[in-house]
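Here's a structure for you.
Naming follows writing order (A, B, C, D, E, F, G and H), and every chain is counted from residue 1.
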Amino acid sequence: MTDKIIIAGAGGQGVMLLGKVIAEAAMREKKFVTWLPAYGAEVRGGTANCMVIISDEEIGSPYISLADSMVILNEPSFLRFKSKIKNNGAMLVNSSLVKDVPGISAAVRSLPLTDAAFKLGNIKAANMVALGAFISQTGLIKSRTALAVIKDAVSPDKPELIKQNIAAFKEGCSLAAQPKDRCPKNG
Amino acid sequence: MAKITIDQEKCKGCFLCVGVCPKGLIKAEKALNKKGINPVKFEGKEECAGCCLCAVICPDCCIEVYK
Amino acid sequence: MAEDKRILMTGNEAIGEGAIRCGCGFYAGYPITPQNELTAYMAKNMPENNRVFIQAESELAAINMVFGASAAGVRAMTSSSSPGVSLKQEGISYLAGAELPAVIVNIMRGGPGLGNIAPSQSDYFQATKGGGHGDYHSMVLSPSSVEESYRLMFHAFDLADKYRGPVIILGDGMLGQMMEPLSLDPGEMRRYAKPWALTGCQDRKPNIIRSLLLKDGALEALNLKLQKKYQQAREKEQRWEEQFTGDAKVVLVAYGGMARIIKSVVRQLRQKSRKVGLIRPISLWPFPVQAFARLSGRKVKYLVVEMSYGQMVEDVRLAVNCAAPVEFLGRAGGAMPSEEEIISAINKIKI
Amino acid sequence: MEKIYAHPESLRDISTHYCAGCGHGIAHKLVCQVIDELGIREKVIAIAPVGCAVLAYDYWDFDCTEAAHGRALAVATAMKRTRPQNIVFTYQGDGDLAAIGTSETIHAANRGENLTAIFINNAVYGMTGGQMAPTTLLGQKTATTILGREAKLQGYPLKISELLAQLPGVCYVERASLHSPAEIIKAKKAMKQAFANQIDNSGFSLVELLSPCPTYWGLSPVKSMAWIKDAMSKEFPLGRIK
Amino acid sequence: MAEDKRILMTGNEAIGEGAIRCGCGFYAGYPITPQNELTAYMAKNMPENNRVFIQAESELAAINMVFGASAAGVRAMTSSSSPGVSLKQEGISYLAGAELPAVIVNIMRGGPGLGNIAPSQSDYFQATKGGGHGDYHSMVLSPSSVEESYRLMFHAFDLADKYRGPVIILGDGMLGQMMEPLSLDPGEMRRYAKPWALTGCQDRKPNIIRSLLLKDGALEALNLKLQKKYQQAREKEQRWEEQFTGDAKVVLVAYGGMARIIKSVVRQLRQKSRKVGLIRPISLWPFPVQAFARLSGRKVKYLVVEMSYGQMVEDVRLAVNCAAPVEFLGRAGGAMPSEEEIISAINKIKI
Amino acid sequence: MEKIYAHPESLRDISTHYCAGCGHGIAHKLVCQVIDELGIREKVIAIAPVGCAVLAYDYWDFDCTEAAHGRALAVATAMKRTRPQNIVFTYQGDGDLAAIGTSETIHAANRGENLTAIFINNAVYGMTGGQMAPTTLLGQKTATTILGREAKLQGYPLKISELLAQLPGVCYVERASLHSPAEIIKAKKAMKQAFANQIDNSGFSLVELLSPCPTYWGLSPVKSMAWIKDAMSKEFPLGRIK
Amino acid sequence: MTDKIIIAGAGGQGVMLLGKVIAEAAMREKKFVTWLPAYGAEVRGGTANCMVIISDEEIGSPYISLADSMVILNEPSFLRFKSKIKNNGAMLVNSSLVKDVPGISAAVRSLPLTDAAFKLGNIKAANMVALGAFISQTGLIKSRTALAVIKDAVSPDKPELIKQNIAAFKEGCSLAAQPKDRCPKNG
Amino acid sequence: MAKITIDQEKCKGCFLCVGVCPKGLIKAEKALNKKGINPVKFEGKEECAGCCLCAVICPDCCIEVYK
């Protein structure tokens, strides 16, 4: 089993961290894993994206030309990556910033990730909202593992930030749960 | 007597204009633009002095001033 | 559930950690994408380990600082990416001429010129044939995973000390910036006596480090000495990985990041019982001609795949020596051959 | 109503790749305003640096070239010598002009090349992710000075403008800042002077601009401007140096 | 007695005179032996001809000045010797990436490092394979007499303008410093339109000179364009001289200064009716594979002679493609194979 | 009778390759005298330049390395940082230190590296045959300024010592001359100070020595000394700069 | 016919110019000719030498491993080059500076070239003394041609120098003439 | 009371010592040394002050002074 995930958004939306959390969690679940970032001009501007592969066997290219699933946080990223999702793939789209999602045969989930983060008081936590929603949607990693990683990712002297991230993660779970999924309560 | 226009799609929401307007006529917009950030909007009517301070500091050349 | 001791690290960071663990005492670098994680890692971790870190004012200064630290007997390294490594060519030639050990990391990006920051393998010629002046060779090692990036640092510093010359780690932006799990096993750190080092002439005759040799025959003598070392290295230091070469009809050849992709192609095709194999050169200089010599009796065909328009392929042709056809597939400038392109290139080979 | 503040003619009407609140945007605009006001757009040749502003040629609507990192003033020297009828200027960051390009900067200035240099001092390497620049302040944290720049280890912020002012071939050096509309207006005046000097064949002119890099200062754009005023311009005093 | 119009000139001066006569408008250089006569010649003669001469503060500055002058549409050149040319590698890669014409002269000396100032051919790899980063090639021309040094400048500037890229004149200290009689025939000077040059955007859209290409596929597109030019050059621009290849059983291969020596060996041996011939590559890149292809039907053996430990020999092997055995004789570091050594190497070849 | 002026211990007793009357010979001797008097011969690491003095290591009887042209202070930086217990100094010509090495010089000084630099200003490139140096005087004829250096074309003589003195990391800069016994004695004192500073961990010290190159000045050795006194030291005033 | 000549001495003794004059004269006499200098460290010190080849056919290497004739102006040069003269070669040695000339099978002519120049008031003209002696000894070029070249080699606004050089040249001729040769009077 | 010794084989004949000796005790030697140049010689007897000026300026360290 190999899962190829593309996570894309604007610089500053935290797509790199989102990908790292997924990768780290998968590693802790004893998988082979790669994480590959792509930046704009040297560092800034434009879209940022990262590619995460989770597999039971050794991974060749960390580069993904056709993804099993995607997290799309803004419109330019949608336009850039919409052709790279498998037909039966799963796509989580940030409906706060991507209005239309035309011509996609994958299973699209459109959720207002940024709005949700905004409401929680930290627009930068949209990535954690996305994380919660994404693992609820796909079940690729256990939310318990994800939560552990989220905690370890922030230095313990910033308990406020950890709290915010966890809240955002849970909000993502419940957003995703609303129509079809449920967020594991023991997460 | 004066007014400004703001190109909200080019606006990056740095809020530098907000800080320099002596009359506080520029405010954050609630809605996000396509870049995914909150741009600013002009809320002055008559009060705008056409002083151009907002336009001068805007790094993204979003503001034009009319008098 | 036993705790997983592995950690996620980028290739750049793994290189830095490997260097520190095998006793690198001096690092000088100048920022450039896609190797900034390495400079940042060293900025933090070298001082914490009581080693010297300097952000140099340029790549030129950095390589010459490495010259100084190495001349003082300290394990020393620098890192950069393509344009920055071009600036180091004079310095690398000086290291070779003065017989000073040093490790130079090139995390290649798209060229020529400023190019872009996508991964690339377009500096193979520069690294292996000597981008600097004179008849020298750097030894060149090419990792293809984060784990190997870490481990090869031990080997690189050993080679540098043993052969007293520059060793290049040739990676690419993909390898440098990607993360993979890595077990930080303590590698073995050898120590080499350096009686030639400049430490002050207490209780001994003064030492001189030089590459200017004006007396009749002196520079030729140095060159013959270097050539002898190179010959020795050619005999002893070839490294490669191979898979399925026993029965392969088509052998893919690729190194570094590109080799990861041919590995998954080989895995896929083997599942379909296609007789493909691979040779992954790890030492690019000395080039692993032995790997090809071993197959010279067998009827194989080669497909060399590079993120370039054909550089290593020349060495493969020279190694194969017309004993078998050598095909080439390459893309560069930020593009790399995809699995599909590779498979279709394989399919075109008549066997 | 009349438009009293318009988009400069020489500046293409497209979105830049700069971060929100980045000083490069302001400086780009000033360059274009000055060029428009002097009516020299068709004579200008710009040399973009390697740095965040490398893509300046995408925004400026006049002839532009790239230069290798740090070498802009060498490139400019040859252009102006071979085409004295053109107006040649460089636009360079602190890493470009004062680290890797130190030698080219000092020698072009010392030769008294009839050139204009716009020097963007943002106390950091923006493009490569916020490493120490020669102009980084003591105590300032960057990707390569994690505990803050320390004089003992990394030396002092380099005041290259003051050094250049010592050289007899240099005719004009001024340090301005982009931290407020008033300073921006002064900056523009200085830049105009620097171009006018070239038109008058007066030799080498340089304007240093203290410019915000909110991203790698870890500050909001508004706070970045305050930091220039409160910290940076203390270390780098504003005004005419020569 | 008709007056002799020839003048005695060093190779270095002949290069300078050739450049001036074919319209070189800009020269920047930095002193280094054994090419100082060229810099000195330009210092005097460029201003006298209303051209720009700059003694740059370094080789780095010089190559980047050449970039500037070339971008402004002016024929531009620089010159140096081995260590200085190593410093120019980034700049040469930028010229290639930005597609700017330029001529770079390397009067090679002994390396690596500071080495010595004796003639050498140890920078062949650097010149032909690209000592800088990225998949570019400079065109490389190698004169073997003072006369040819003069004449090839016309060709070099033409190639640079036609293919829009760097052209390297690869000479050695012997050729640069020796004097021979030279007839200063006015060569033909072609002019190339340069609509891409930066001259101010009056009456046209702004021009941009760049090598940074970040948009998806843009850098690959540039590279494909370059590769196409290179392919064209490989087809059209191979140059070589050959002697007695019609019936030779042993063909000597050498370039530049070394070729002078094999020529006199061939002359001597022919007087003794020995069937030896020679191929002297003039364009080192593109390498004159056609010269070897022509002989592929015949039973010849090759002896490559270089002032290096074996660089061009790799290209000869690739060109010969195992159709004939290729032997090598080389010395470097200020030494060069003598006529006696060459003859004894020929005698060892079984025919 | 007692020997009151002897050959310094650290100077090997062999003939040098320098031209008759060359200042490098005097400077070499001074270096050795200072090192002997401070008793640091066994701690010293010298960095020879690329220039006429590249072969200094043949004459000096202590540990020496070569550095690529212009890079001596980068090499020295790393040596001193990794071996602070040693005394590290560079010996560089004007081409080496102030042309190709400008950047390395300024940044080592600006970092305040605890180093000693001996800077031989002979207003010309000796080793390569007498081309213009950054320090060549206006009007001075060289192989590359056939009609004499002209400010308009080649700029002014570069006073790098004065520039370096501006940098806070630099603790000591003095310009001395070798043109008479009295000046030579002052030069020695300055050099001793520059080494003593390093022993005291005081930071970067540089001594510039105006030094004759009779060969490429086209003057006899005696006239060369007079030229230093009458012309060169007017452009490059002697004394402590910092 | 090919003649290979090595001219060696100390830096400053004018060996390069001496070689150039011979080469230029031979060129004017319609020969193929090469002139190859060798300097010490980059430029100064040690010995300096140049190699001149004069031939009726195209010249291969300008480098001479075995010379037909030699001009040796100082002792280190003698030691360096004594093994490079052909058995039947002609060697002109500056006896002012080279005292012993042991173990040479070539025809050695030892003449006090520097002393002669010194007497003429310009020690630097020893090279022109050597020129006169050398062409008298070997007859390789016509002294008429040599004199013409000497005149052209110095800028006409230094008539004093030209005179000195010619005087030195003639002095060389007569030195060489004393026991066996004669200097052509119409030179 | 004092004297100097001159290593004539190392001497390059720059005559700097000649110029600085306050008593004019150093003179050109007629004979050439092996380098082919005229070295200098010491001609002082009692007059030498042992002031060392000659030794200080000698670039080739040919002079040693005794007192």
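The rule is short, and it goes like this: a residue touches a chain if its C-beta (ideal position, glycine included) is under 8 Å from a C-beta of that chain, and two chains touch if they have at least 3 such contacts.
Everything numeric in this text was worked out from a predicted model, so none of it was measured.
Counting steps between touching chains, the shortest path from chain G to chain H takes 1.
Ranked by number of C-beta pairs in contact, the top chain pair is C-E. Spacing of chain C relative to chain H, judged by their CA centroids, is 60 angstrom.
For the pair chain E and chain G, the distance between mean C-alpha positions equals 34 Å.
In this assembly, the C-alpha centroid of chain F lies 39 Å from the C-alpha centroid of chain G. For the pair chain B and chain H, the distance between C-alpha centroids works out to 84 Å.
For chain F, the set of residues touching two or more other chains reads 16, 18-19, 54-55, 66, 68, 99-100, 102-103, 107, 127-129, 134, 154.
Across the assembly, chain C contributes residues 33, 57-58, 60, 83, 90, 94, 98, 113-114, 210-212, 214 that each touch 2 or more other chains. Remark: chain D residues 1-8, 11, 13, 15-16, 18-26, 29, 180-181, 184-185, 214, 220-222, 225 touch chain B in the complex.
Chain C meets chain F in the complex at residues 25-26, 28, 52, 54, 56-58, 60-62, 64-69, 71-72, 74, 76, 90-91, 94, 98, 198-203, 206-212. Partner chain H is touched in their complex by these residues of chain G: 9-10, 13, 73-76, 94, 96-97, 114.
Looking at the complex, you find that chain E touches chain C at residues 60, 82-87, 89-90, 93-98, 108, 110-116, 118, 120, 122-123, 125-126, 129-136, 210-214, 217-224, 226-227, 308-309, 311, 314, 317-318, 321-322, 331-335. If you check the complex, the residues on chain F that touch chain E are 50, 54, 66, 68-70, 95, 99-100, 102, 125, 127-129, 131-132, 134, 143-146, 154.
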